[in-house]
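Both of the next two complexes hold chain A, though its partner changes from chain B to chain C.
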Partner chain A sequence: MLAIQLAITGLQTGALYALTAVGFSLIFGSTRIFHFAHGASFVIAAYFFYATFGAGWGVIPAILASAFGAVAFGLLLDRLVYVPIQRHEGSFFTVFVASFGVGIAVQNVIGMIFGRGYVTVNTSLSRSVEMFPDVYVSPLAWIAILCAAIFLGGLQFFLRRTHTGMALRALADNPELVRTFGLNPRAIQAAAFAIGSVIVVPAAIITSATTGLSPAIGHHVMLISLAATIVGGIGSISGTMLAGVLLGLAESLALLIVDSQWTEAVTFAILFAFIIIRPSGLLGRATAH
Partner chain B sequence: MLNKLKFAGAVAVLTGLALPAMAKDHVIGALFPLSGPNAVYGDVFMAGSDLAVEHINADGMLSGPMSIAYEDSQGLPQPAVVGMTKLVNVTGVPYTLSAFTGVSKAISTLGQRNHVVAVNGGGVGPDLAALGEYFWNVIPLVNLEVRAVVPYLTGEMGLKRMVLVYIDDPFGQAIQSELGSAFEGTDAELVEVLSVPVTAQQFSGVAAKVRSAKPDVVYIASYGAQQLQIVKQLRDNGVDAQIVSYSGYITPDALALPQSEGIVVTGQAVDYASDDPVTKRFVTDFKAKFDKDPTAYNVNYYNATLLYGLLAHALEQEGKDVTGENLLAKRLEMKTFDLVGGTVSFQDNGTLLSPIEVKQIKDGKTVTLSTVQIGG
Partner chain C sequence: MEAYIYNLVNLIAIYSILAVTLNFIMGYAGIYSLAHAVFFGLGAYTSSWVAQNVSPSIFVSYPAAMVAAGAVSLFLALPALRVRGEYFVAASLGLQVLSVTIYSEWKGFTGGIGGVLAIPPVDVLGWEVFRPGQFAILSVAVLVLVVLLTTALVRSSFGRNLRAIRDSESAAASFGKNVPMIKTISVVISAGLAALAGALYASYLSFINVESFTLDTSVLIMAIVIIGGTGTVAGPIVGAAILLILPSVISYFEFLPQTEIGSLQQIIYGLGMTLLMIFRPGGLVGRRPGR
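Moving on to the complex of A and B:
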């Protein structure tokens, strides 16, 4: 029964990891911007939901406020930080440092506004019920898995069946060719930030009710996003989804074999194994340089 | 040549003006977590230390204004050592406030080597009693808390099967060691021990392991946001056993957490209703300034800061320099101090003794269940 319990728990964690990581993967894969502030998008979405839901806005308005916060942050960051740096031929490292700095600034601003302590959204949905003897599942676990399926399936549809989605994929492959076809790479980049930011919203909201929040949570979000992106294969949305679920499951099921202190190390052991054995990741394409 | 003379003159004037002022200023250091998941502690600690500075300055206790140079330790050893190095070598403080077991152990060698006093009011690892003569504790250490709570749990509450969930760092390891020996000779047992990494945030799997051990009581030994994440996720994942923790759990965000209801915690006993003038002034001014009741951490850092004021005042009265060596010598000479909670004295190892209270969280506040006197 412990194995079943850990598998269900791992699926829930993996669904949240996938939702968290896919946004980063989409932005990094299509724009090559190392968006370290993706963790800050997560934090902003979570705290917007926490504040508005706590103020009695109701679930739907609070979700919309959360989505607004994340998307506005993503777009403003792109417009006011990344685009100016790129315009001056800013290097990959310059963009990374700028993004890192913004992440720290957001952490401190959130701390100043909401306090630096731990907060959580209280809901009975986070309370597990016994489905079978010794197997407990919370309604939020099902919601997390359902959200992951809907959002990630929707994203795949969007990327394959819509013009903007195809343009995003094209931008990842060849920005010059995109320009040749009369498309505006800057506008497509902005779309990547909007979609990459909004897709983190369900994970941020569910995390606010299950794990709880502190302004510093963004660093952990980035670690997971980075690990899932590399394990899944840089540029591969499907690979990142799969890797997110795999990492969540591995972290949970590892408790069957190793002491609890090693569960996080399992994530990075998988990451190192992929870097050494299969650098292109689960579904990434091998490239020659 | 004229420019050189002007420059030399300006330096001479500035030096002449600045030196007497610097000699009178009293700057002490503090290594508190001001960012990261433990930042909430920094706010609590600073509330106490800043109030003490206000009182010391208002009383004109020292020859010049006193201030605290805060460095952000993040509650982690590595940034703390960077901060301590700056405080010792750049700011030149003779006395610094410290917090957290790992941080305190990391900076203690710098203090010992440079003869800078470090005073801990927040870390509770038992090792902190043996960090040398320049490291003092104004907080009873967690071995005393464990010794106070285990008999209460097994005797008064009849809880026999304990699971320990502890953070994998020097503090957590100290609790594990202490609990292991606390159960010897009793009919209670430690049925499962689960350590978690410092950075872990997901504990639903740990909750499944806890549940499968079928405990009567779960001891949580962590700190900051992580300990609240553990408690919430244990409760959310069907762990209904009694939860118990230590003094580090008593923070404003923990008391506000609905899942904290009923948790048993330990902490030093402080008589806030005492009639002594130091305690009365502290309680009155703290409530006026922060509009809430003080906690033991507020008291500890008030006391740690006030202790500097008392020692430095005594040294200045004798015309001696306020250095780490002289502060240590004066503490050993004075022996007793009027601090918040009454007149106190240090043990030979530089640690204050205090009775331990076993409390329970009810409606967002702690209610005392029992007070245990601790022998020296």
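Moving on to the complex of A and C:
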């Protein structure tokens, strides 16, 4: 029974990981910008929800506020930091450090406003119900899995069937060719940031009600996002989704063997193994070299 | 006032050693590590254990720390051989997270969350160095040694190999350079010397716990290198001085919330890093502005 319980919890965690990581993967895959402040987008989305929901805004307005916060942050960062850097060089290192600096600043500003401890959003949805004998599942688990199915399915549809989606994939392959076809790479890049940022919102909100939030959670978000992106294969959105679910399942099922403080170590071990043995990831085409 | 200045000198010297050693792999070999605090911690724990159980002599406990960190750094060298910067950042971030868990759980060696207490003062040829004034001489002397050693290495043919790898790995390999070996050696040297900073830190404070070796520390070390200027000799030391004096400067301005000094310091250097990258990617001491 314990294994079934852990598998269901793992699916819930995995769904949230997939939703968290896919935004980073989309931005990095299509624009080659190492958006380390993706963790900060997550933190901003989560705390916008926490603050507005706590102020009695109701669920829908709070979700909209959270989405607004994340998208505004992503677009502003693109406009004010990444575009100016790309104008003079835009090497991996310069972009990484700039993004990293913003992440540190956001973490501490949030910490000064809301405190550095853990906070949780209280809702009756996180109360577990006995589904089978000895297997407890909260409604939030189903919401998480459903959200992942809807948003990730929607993203795949968007990337394959709409013009903006196809332009995003084209940008990943060849930015020069995008320009030749009369499209504006900068506008497509902005679209990547808007979509990549908004897609963390469901994960951020559900996390705020399940495991809780702290300003430092951004680092964990980045570890998960990087791990899922690399394990899934750089540039492969489906790979990232698959890897996110697998990492969540692995962390949860590992509890059969180890104590809970080692769950991040499990993620790291999987990431490490992939970097050493198969740097191109599960579904990646290009190698990491 | 005197004690305060000596204390600051000691901390700046210790963090300068960390920054110089990180700069050695970051600025010259292009290995961007977010796991430098791991070796800082390993050096501190190992030297404490040796000082308590074997001998507090600087010629025993400090080399032991270097050997331990150098050996463990092979775990960092391994992914660095396989992948480029982007992916290596992920591996080092993971190693840092894992190490904090190990340092908090391995109670026999690290004392867990509580840390190691009553570390004996370091013994230099029969002298017990523990006063901040005396210790400042020791820590600055070690810093000078580390700077001389890394500068000599960077100026030697080994350093030219490192820069060649940073600029183009395949070009270096096609000139017959043993790229994996050169990278591994540079990571081991960097980690071994960073462990010296840990050993100094432990014997200076006589108390250590895992709080000093978390991701925040790795981030601070990286910020020091970047703000000072990567790939320069003076940059890491200038950066360490600026960032460690910053909290005192903040407390001088009384209108700032004094309970949030740590946060304000991090916000300032976070934004500082971003602004530098937009306007002056070479860092404050950088020789190649706007490269």
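Observations, loosely collected:
FYI, the second predicted complex is superposed on the first by the 279 of 289 C-alpha atoms of A that agree within 3 Å, B and C clash if a C-alpha of one lies under 4 Å from a C-alpha of the other, contacts with A are read in each partner's own complex, and residues count from 1 in each chain.
Throughout what follows, a residue touches a chain if its C-beta (ideal position, glycine included) is under 8 Å from a C-beta of that chain, and two chains touch if they have at least 3 such contacts.
For clarity, every value in this text was computed on a predicted model and none was experimentally measured.
Clashing of chain B with chain C is the outcome of superposition onto chain A. Once the two complexes are laid over each other on the shared chain, residue contacts for A:261 go to chain B and to chain C alike. In the superposition on chain A, contact of A:222 is made with chain C only, not with chain B. In the superposed model, A:212 makes contact with chain B only, not with chain C.
Once the two complexes are laid over each other on the shared chain, residue contacts for A:84 go to chain C alone; chain B is not touched. After overlaying the two complexes on the shared chain, residue contacts for A:108 are found with chain B and with chain C alike. Using the contact criterion defined above for the overlaid structures, shared-chain residue A:92 touches chain C, although it does not reach chain B.
In the superposed model, A:275 lies in contact with chain C only, and not with chain B. Within the three-chain superposition, the chain C stretch that clashes with chain B turns out to be 203-211, the only such case among 77-85, 203-211, 221-229 or 275-283. On chain A, the surface patch touched by chain B in one complex and by chain C in the other comprises residues 107-108, 111, 261, 264-265.
Chain contact summary for the complex, chain A toward chain C: residues 34, 36, 81, 84-85, 88-89, 92-105, 107-109, 111-112, 219, 222-223, 226-227, 230, 261-262, 264-265, 267-268, 271-272, 275-276, 279, 288-289. Chain B meets chain A in the complex at residues 35-37, 39-40, 42-43, 168, 194-197, 199-202, 204-206, 208-209, 211-212, 224-225, 228-229, 232-233, 235-238, 251-254, 257-258. Contact residues of chain C toward chain A in the complex are 30, 32, 78-79, 82-87, 89-91, 93-95, 97-98, 101, 104-105, 215, 219, 222-223, 226, 257, 260, 263-264, 266-267, 269-278, 281, 290-291. The part of chain A that touches chain B in the complex is made up of residues 1-2, 5-6, 9-10, 12-13, 107-108, 111, 115-120, 122, 126-128, 130, 134, 136, 138, 210-212, 214-217, 220, 251-252, 255, 259-261, 263-265.
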